[in-house]
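Two complexes follow with chain A in common, the first pairing it with chain B and the second with chain C.
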Partner chain A sequence: MTAAESDFVLEVRDLETNFHTQDGVVRAVRKVSLDVERGHRVGVVGESGCGKSAMALSILGLIEPPGRVAGGSVILNGRDIARFSDRELQRVRGKEVSLVFQDPMTALDPVKTIGAQIVETIVRHRRIGKRAARRNAVELLRDVEVPHAERRLDDYPHQYSGGMRQRVLIAIALANEPDLVIADEPTTALDVTTQAQVLDVLERLVTERHTAVMLITHNLGVVAEFCDRVFVMYAGRVVERASADDLFARPVHPYSEALLRSVPRPDQLQRGPLPTIPGFPPSLAHLPAGCPFEPRCPVGHGLEVCGTEVPPPVPVGDPADPVVAECHFAEERWQGVTPSGAVSEGGA
Partner chain B sequence: MPITRRIAGQFVGGLIAIFGASLIAFLFMRVLPGNPARLIVGPLASEQAIEEQEKAMGLGQPLWEQYWRYIKGIFTGDWGFAYSAGETVRHEIFARLPASMELGFYAFLFAFLLAVVLAVASTYRHRPVVDGAVRGASFVGLGMPPFWFGLIALLLFSQVWHIFPGPDGRLGQNTPPPPTVTHFYTFDAVIAGQWGTAWDAFHHLMLPMIALGLAPWAFLVRLLRANLLDISRENFLVVVRSKGLGRRSAFEKHALPNAFLPTLTAAGLLLAQLLAGSVLVERVFNWPGIGGLIVDSILRQDFAVVQTFVLLSAILYVVVNMFVDILYGVIDPRVRVPVAK
Partner chain C sequence: MTAPTDAARFEPGVRGGPEEALLWIDRLAKTFRLGGARGDHGPGVIRAVDNVSFDVRKGETFGLVGESGCGKSTLARCILRLVQPTSGRVLLEGADLLGLGTTEMRRVRRRMQIVFQDPYASLDPRMSARGIVEEPLVIHGIGDREERRRRASEMLELVGITPVQMTRKPHEFSGGQRQRIGVARALVLHPEVVILDEPISALDVSIQAQVLNLLRRLQEQLDLTYLFIIHDLAVAEYFCDRVAVLYLGAVVELANREAIFRRPLHPYTVSLLSAVPIPDPASERRRQRIVLTGEVAPVSSEPKGCRFQPRCPVGRDRDVCRRQEPPLLEHATGQWAACHFPGELAASRTESETAA
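Let's look at the complex of A and B:
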């Protein structure tokens, strides 16, 4: 590894993305910073509409008007690709960083064969003949465990099931052995059994290839199984960053805790409704003055400091690998002194 | 559904449509007031002459017998006599067909090419001004009667500004027609190397072409624009871009083919617009095509011509739509290839 090449495949600094709509400026991504270590897997979790997908597309430079990346840097393999022109980005997308899209039913061109859509990304980035690219595509389909790969290469997307299409999307994303795969809700549209199979395939392949993964999801179970680090997003901000172990054992931000509580857990067979987070996330066009979670927060709701001051990122715990939470009570909660904390509870 | 069954179903449907059209054309001409025989022999003719004329036209026979003669004639090539022209209907139609076909061909080309260019221009990037202009123009195009547009265009571009020739048919008075090869004057003139004639023919074509192509253009551009907008929001375009393809290749290789497919189905409707529009546009521009013939024949209750025209149009319409549907099945894999077991 050269000096210029850090341990991080991706470093996002103060990324800002706005959508200019008739209701005003929707601030979908608000100065988000996060890093992905080479070969590691991070999870980005949060409710729908918290800016996860907008962040993913911002990293890839694929935000379309009325959206616009307003600031920040995206350092991929040591270069700030946020400053790249689209032409320069075209050489990066699909080669160094690729995307596994969320909805397999609509993510493939319905009038092109599966094979053509895999070959397309291969020939885009490599000097390779049509024949060789096709052989390569067959191998990729085998890798993602599509049965009868050779025969099914010339099928069309409508002939594939949802799970099989998601495998194709994984094959496309991994075709050029990128350093980072951004998987945006890769399993959300699938039924539970298929989800597990598709995740297994993804896990096996990125382990073999030492590919770093940014897994965007609202499924905490998937995160627990798959990721070493977690970024919790709320209202366009990363409100907590922690190792997966820390997050599941001692969630610091009240939002993280609430998210964990609303996951059904088979080991706790109490009857009654699943805990939910009351209220709705704030409109990203009209953010509250203080902490964006204050109106829904069991800890800080009604407190003056929470209602008026945006909490700064507070590092707690091990200084070498701190948990960082944007909460006025981060330190107290880490110590376990706030009354409503479930911090003493065991991890997942 | 297997493709053979689809085709068979369409064939039967087409036959029913043609039968319906023939019946309507036949009955409509019969219930119109007025006596065609009297119109033919003239106001000074004797009652006896009128009776003889009626007999010659078969007007005294029962309706079903007249209808039978009409249908049989269509298939045996005996399309009747065009009294207003003094020729057989067949001769009249074939003599005028090339002029109509050439005009229709150029009108279609104009409508299609301009629609593609403008639909792409208004959707390829976010361009509110271009988009607004295209949408406004397409509204005008849909709302304006083609013959009226033709009259205004003639008034402005021919009478006032002298940019285009007046309504004197396919060629200027001093230009002889080129030697016949394809019956299209523009093509024939080019083949014969008569560039002046080719230009004259095209110059004469331009205004009627625009008048006739305006409504199909407006229809197509709206359809294509809506399709492109829908497609441009499709997720697969994001995926295509995430592979490293440029905006333009994503548009050309993925958005356009998807947007074109539904447009194909509209081709049949376009044909109907061209047929209907041609009747009056040809009249306005004195175009020696079938449209002018039809107007005359309706005014003079020249049964045979109108009946034949309606039936031929219906057949053409059905055949084109059937062809389009089959083509659609060949091009769109979702129709062509069944879902795997």
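Let's look at the complex of A and C:
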């Protein structure tokens, strides 16, 4: 399988996912393309309803009615799994790509021991005896730094703390050494010190096993800490893709900039009103004609081109590793010709 | 270290007295009894709030920070007597609330209101936005129908809900708008103290900024005093004037925000702050994190030694920390810490930073 040796573990092309509702067709993922390099850590950021979770579920073939993947391809290790049957997908999920959910309490079965749940995942994809699988499960728990792993194997999920449950989910996700782990808000329900520990575990495993991680989160601090590359989603589109360094130092899309500015920085003693983004994201069932961010945009609001024409992806900066932003003013903003967005101050 | 004198213990009354503090929490405690006598839980008592004292001054925002299970929500509920405290006093302008009867307590609740975390669960789905905001007025028998309607509408407008939206039901609003309705409901009685229990934790980041700006504007307009319970330290730093850090039911450090966030003395505060990721990769690479080991175990029996000792980078191997509970003492002006070796961890970090 020569394709598997490509630099990319995942290549998503023009992925489209729609939800058919009474309100019309909600276009949750609108022709999204993105690549994940082997062993890399990418972040997907955006607010509720931007399509980031729908995209993750679409990649894994887990979209359920009234949702439907309407088009595009999902190339995992060189094969388009968007065309796979459910049976074929089951062989891929957990083995080549796995998912860590946000809420470890609902993702674990409350009536089965932790050990049973890990063993189940192992034997699903490997010809291995029960006893060997159990030994393997203990190792996995040790890998994710669960203390007294052997003894804790026979405990039930409710006997684990939130942080420990999240580690178990990571252990399950890694049980069959997948090439890609998609983690959907894996630290959102956790305290900062626990979050730090879970990110450490994830980081170590990535480095040691060369697993790629796609981290879906709304926490920009976590992105800055963990990710090499970031995709910013808005209204079902990736509106900016950049290295983490570029994104935080020089956000090109006005939405990225507004998002970055709306969080208080823990390393700065701020006092004035926080910059906010006026208005609301558009309804994905009734999208505006032009740029989806135009009604809220400090740069383009009211401009004819922004109101009528959907901005194409514009590459800027280093041609070998460009920042790509879907903004009519991407080039000017990268060059610093137009003033950075005068995001409304204190518009409560 | 010599035993501290009583005068040095945290007693807001010693400095100015409770009449200066709008709200004075005095050695408040809440213990929960565990069901049964099962050996694996040790003695059957959990000290959820353990002799907590602090004062909240008029017009300020006082922050309570700490991780889940540190007792901050139980503490808030004790203050409002939604949960009955085991011992201690809650003084509102010098009057102890814990001895009050139901009718008197109801009168006090007009002066002290709470905004809950979850804007989805805390609003009655069958009522209109205006109905929700009118309800406290009905309960407290304020005004006639006309008057209540007017006051509810005014308050909703103040938080940014337009007249057309006022007849809508909660499900027709976004999370941020629902939290605005929750704020309007808390403010319609014109309280003096508002307890904000994680009011933005369930919201998206850009919406969090809107709600924080709203809360600050209302504080100025309506002369409000906030007790702000928040686990997000970046938000606490941005929003609070003074902060108390809770660990396992007790205040381990209390100071103004600049001292807490720039010159923390307690090793738990230092560790907690070091765990907050900074939304900037360049600063992230410089950040030196202290990884706390060990699990948080609730304080059950009579505490022996420092409650943070088993996880403490400073006191883990020190005898005094194991044996003697450090009292909350004022180590710098207005900065209180419950630690035998205050500032030691912060100092060693500064050294290693300059050496690096």
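Observations on the structure shown:
Just so we're on the same page, the second predicted complex is superposed on the first by the 333 of 348 C-alpha atoms of A that agree within 3 Å, B and C clash if a C-alpha of one lies under 4 Å from a C-alpha of the other, contacts with A are read in each partner's own complex, and residues count from 1 in each chain.
The working rule: a residue touches a chain if its C-beta (ideal position, glycine included) is under 8 Å from a C-beta of that chain, and two chains touch if they have at least 3 such contacts.
The model shown is predicted, which means the values in this text are computed figures rather than measured ones.
When the two complexes are overlaid on chain A, chain B and chain C sit side by side with no clash. Of the two partner chains placed by superposition, only chain B is touched by A:Ile172; chain C is not.
Applying the stated contact rule after C-alpha superposition, one finds that A:Ala320 touches neither chain B nor chain C. In the superposition on chain A, contact is made by A:Asp155 with chain B only, not with chain C.
When the two structures are aligned on the shared chain, A:Asp103 is found in touch with chain B, with no touch to chain C.
Superposition on the common chain places the nearest Cα atoms of chain B and chain C 5 Å from each other.
The residues of chain A lying in touch with chain B in their complex are 57, 60, 62, 65-66, 86-87, 90-95, 98-99, 101-103, 106-113, 120-121, 124-125, 155-156, 158-159, 169, 172-173.
Across the interface of their complex, chain A is touched by residues 67-68, 160, 174-175, 204-214, 216-217, 231, 233-235, 237-239, 257-258, 261-262, 271-273, 275-284, 289, 291-292, 295-296 of chain C. Those residues of chain B that touch chain A in the complex are listed here as 126, 234-236, 238-247, 253-254, 257-258, 261, 332-334, 337, 339-340. By the touch criterion stated above, chain A contacts chain C in their complex at residues 47-48, 147, 161-162, 191-197, 200, 218-225, 244-245, 248-249, 258-260, 262-267, 269-271, 273-277, 280, 346-348.
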